[in-house]
Amino acid sequence: MKQTSDQLHVLLLNEQTVAAAAEEGEAMYALLRELFPFPRSITGAGLRATVRRLGEVVPLEVTEVPSGTQVFDWTVPDEWSLDEAFIENEHGQRVVDLRDSNLHVVGYSMPVDITLSLAELRPHLHTLPEHPDWVPYRTSYYTRTWGFCLSDRILKVLPDMRYRAVIRSRLGRGSLTLAEHLHRGASDEEVLVFAHDCHPSLANDNLSGLAVAVHLAAWLYQRPTRYSYRFVFAPATIGSITWLAMNEARLARIRHGLVLSVLGSEGSFHYKVSRDGNRTIDRAAWHVLRTEFADARRLDFLPWGYDERQFCSPGIDLPVGRLTRTPNGEFPEYHTSADNPAFVSPAALGEAWLACLKIFEALECDVSYINLSPKGEPQLGRRGLYRSTGGYQDVPERQLALLWVLNQSDGGSSLLDIAERAGLPFAVIARAATDLERVGLLRRAPAHLTEKRS
Amino acid sequence: MKQTSDQLHVLLLNEQTVAAAAEEGEAMYALLRELFPFPRSITGAGLRATVRRLGEVVPLEVTEVPSGTQVFDWTVPDEWSLDEAFIENEHGQRVVDLRDSNLHVVGYSMPVDITLSLAELRPHLHTLPEHPDWVPYRTSYYTRTWGFCLSDRILKVLPDMRYRAVIRSRLGRGSLTLAEHLHRGASDEEVLVFAHDCHPSLANDNLSGLAVAVHLAAWLYQRPTRYSYRFVFAPATIGSITWLAMNEARLARIRHGLVLSVLGSEGSFHYKVSRDGNRTIDRAAWHVLRTEFADARRLDFLPWGYDERQFCSPGIDLPVGRLTRTPNGEFPEYHTSADNPAFVSPAALGEAWLACLKIFEALECDVSYINLSPKGEPQLGRRGLYRSTGGYQDVPERQLALLWVLNQSDGGSSLLDIAERAGLPFAVIARAATDLERVGLLRRAPAHLTEKRS
Amino acid sequence: MKQTSDQLHVLLLNEQTVAAAAEEGEAMYALLRELFPFPRSITGAGLRATVRRLGEVVPLEVTEVPSGTQVFDWTVPDEWSLDEAFIENEHGQRVVDLRDSNLHVVGYSMPVDITLSLAELRPHLHTLPEHPDWVPYRTSYYTRTWGFCLSDRILKVLPDMRYRAVIRSRLGRGSLTLAEHLHRGASDEEVLVFAHDCHPSLANDNLSGLAVAVHLAAWLYQRPTRYSYRFVFAPATIGSITWLAMNEARLARIRHGLVLSVLGSEGSFHYKVSRDGNRTIDRAAWHVLRTEFADARRLDFLPWGYDERQFCSPGIDLPVGRLTRTPNGEFPEYHTSADNPAFVSPAALGEAWLACLKIFEALECDVSYINLSPKGEPQLGRRGLYRSTGGYQDVPERQLALLWVLNQSDGGSSLLDIAERAGLPFAVIARAATDLERVGLLRRAPAHLTEKRS
């Protein structure tokens, strides 16, 4: 389907969108608080309930992939259920109880009901001595064991007596839950947005990513776009691998992608590039962040992190980057009970939502133009695009943007190329191009000139 | 016409040339003082008188382009004349008078003779509140209006009374004046030197550029060179556009180009690269400046500034850079009455003249050689090019230059390539090549190896 | 001959090798002390005795090249012998005597027996006023003269009387001595190791290089390797030129090369790249040094220094870099009597020997693999290569190395490419590849994918 310039301008963000970010932030934060207590894991009821709640924001297509399904080098695991878990002292007092926090039980713990000395119990207890009040988050999906997580301060005061450890869990045939929402644009080419949804009772990692992703989908809903946008919610690692395996034949449609996570805390934005490091998504995301958001940082690719590891594996190799604030493992609250709703804020979520829309805008509007008056500068003054009195020291940013677009629009440079070279925000360059096209100084370049490898 | 090595050496600067810079500086400064009061604009008598005076230094070919001539997207404007202009208070006292400074009248002001209240007059008055004693320079070439420029200190003390504003100007059919001087070298390929000549009573911008350019032309006069050198004097923007439109068929001859402006103040040299950023002129100019002049800076291309904007427009795209000292807009005196002869100095002008000659030298002598003894180092000692006692810690610069030229002269590297890699002044490398050619260790590479894209 | 992966692993350094460095350092230092007093020059008995002693460590093939042989642009000089040299004052006291130090006589001095005033003698005396207690090292191989080197403190107290200067030297037909040791590997492709052996009584320059080179040869002796290793010992400049001229037809076998010198002092390692600057030896050496040795520095190519000047001349242009500690000319003891055994240490020699072996290891093991499970990450946990509990903040270096090797092993990236991108020590990456190959996740890439230009 042929794209017209008019369609592009639909997406260009306006002041209303910027103003909406605050309101969206509040709504995302409310959703995050609501989802926080759900007992999520890589399979099971808590995951399914989470997906159901997200489906109230935008329609979701849910796929249940049966346990035992082979997905590339992996097998979809049995489904895990957990009804109750606690450690009781000799006096029948519960010193650790699942009812206080989902984090207290090591994910995928085997069922157990055993009475042990403290020394015998000790290898099954996980704490964080360097943060004595926090409870760590631990899992053991593929090695059959059991364990509890608790604060080091509690552990330190446990008297040397016998304890009863009870985990009433079940592991059996079931399924892994995938969910996605497709926003159809003018083209079948897709922008993939992925957020992992398996972590229990951790706010920044990754209820923040879920909230931002589903609210982006809601904002795009019924708005015309150039690209189609596919939002995927799945458990980390096994979930993205399962989704890739189930959708391998359709991956070629993905032209750009973003993994969203840890977007609710106060740190500045960190964009981690794709495996290639210089795909259009890498350039667009980094340009938007560095020109419009303070202290943004660009991270080199590393085969460690979130699900970008799978999208960027050599046999998949999609142009997928990752947007976070202070990344996983670099803030002390990561994977602990301190990553709770108090650690994230509506403002941070709203700003992340806006940053993503600005990145989408750069993708949507990254086309090439031809300067129709390329010999010397055209006379902008008689077209109302230049101030009438000359001699001033400075040049306004909008006027400089007009000159950059004219100078570089020889068909070989797209608006993103120009914005990068000019060091000006993409939106300023795109607006200049719109103005110049309106007065007849630019026309869209033929597609074969603009269609570069994304 | 085939170039021989002997011809090249003619241009190599010697100590006499370096010594001449001081004397040339004095001569340029005298010329600048003489031209300062001329009432220049983009057309008219002051411009013509300026060209006449430059023509006394070197022969100039003058072209008058009639008003109304279509030049690319522009039209040559009507010619503007100004006989008298003043503002008189109720007592008949002139509070602003053109006779005091050409800057007092906004360029291309319409004729007016009107009596107004101060409040009504105010929109037609331009001042610089941040520099209360300076008069700004303002123009309005293409929007019909009128105005006066004055010091903010004067404006602040004007009593609230009625004022008579008089501008006796005429705008009518006439012509725009272009002037050029061609120095013929061994080859038809040209080095273009451009300086704008439209600014009235501003010393650094751009009487300094005019003085340096015309004195470079005078120095080259009747000296043999490899390239031809074309010096063009024209008004800013409309002048360079007009010249380009009139000479479009001959532009392919231009292999290298420099726009010269603001060269008389004390700041260090700033070289702004061409649109491509890596043409030979960019490399030669920057190498000369960084290795031989303190604190030189290289500026990225920007479609804002002086006439390089036109030479570097996408439909022209010539390899033209710009040499200035502290550039336009970055010194407070820019486009004010403080840019007067006291702001520039003979020494600064002389040094700029020498810098240009050194850049020309690099262009003239940038050829490739073949090492005729490429296996191991040749024995320089028995050829008198190496000190006879060994064991010292250091290596003299001239000896290192010999080794660099030998090591890199495989036909693929020109002397400029070698000077850049060695980080040594071009002249030191060129002299080493001359010495090695003399003793038979080098010969000139065939032209097809040296003729790279400039 | 086809290389198997098993053969490669033979060379992978183990902890025993690392531990051996200290012992090797002591042995090298003992050898250096033994060789220190030998009266070396670019020809003659001292050079021959040095080669004989090195031949006791590993078998050497010795070639005598007759005086007068044309070698490229040079001629093998006459052989120089020196029996006695001294300066005697009027009282018959020897104020300078060769028996105290080989450095006292300018290398290749002509015979002389003359009595002169101090003023007449002065032009033949070399001192170092900035280091009054040190004796400089000076030579005059190709200009017939004579001279003495002495400490400035001695010179300053010489009374103004007549002195007898005696040098009993002979210059006549003879030969220049070359020596080499070839270690045969699986392939005929060679790694060249060169150390100059002409400097008399200078410890760091270059007995340190000789000691390290010959002990590397001894370590490789009878060990299987992929490459063949050719160790060449020859005088500086004329020696390497002579060796190149005699072996020109065989140079194509050299795939990588290192010049070794000044490796015994305390400064950090300095690797000077080859003429090209980006050959495999340049990348391997620099990667090993920067990831495993503190404060290592990478030096750009410069046609000045040691025998890399000849190997990197344009008609030879071999991929040969140079490994030193603080380089020639940058430590004050260079080419003076202060460069004696007290200036070098067993520890520094041992570390240099180990650094070279690690560079060899990177060359030997730099092959490409194919990830056999490239879609998503393979499940390392069930193969025992991943910790079983998840959720931790950090990732161990060895696990990260596994992920890097998997991510980048698409055939186009060799282990050195991967180590560079990961910023991890080469050995860590190579070990990860070995582990992954063992569990069947990698196989060696076909040779045509791995054989890139070295």
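Just so it is clear, A, B and C label the chains in written order, and each chain counts residues from 1 on its own.
Keep this in mind: a residue touches a chain if its C-beta (ideal position, glycine included) is under 8 Å from a C-beta of that chain, and two chains touch if they have at least 3 such contacts.
This one's a predicted model, so the numbers in the text were calculated from it and none came from an experiment.
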item: Same-residue or different-residue interface between chain A and chain B, half as cut-off; value: different
item: Magnitude of the superposing rotation for chain B and chain C (Cα, nearest 5°); value: 120
item: Inter-centroid spacing, chain B versus chain A (mean Cα positions, whole Å); value: 52
item: Interface hub residues of chain A, defined as touching at least two other chains; value: none
item: Chain A partner contacts - residues on chain C that touch it in the complex; value: 371, 373-379, 381-382, 388-395, 400, 403-404, 406-410
item: Interface residues, chain C side, partner chain B - complex; value: 71-74, 106-107, 136-143, 145, 147, 237, 240-241, 244-245, 248, 275, 302-304, 309-310, 312-316, 328-329, 334-335
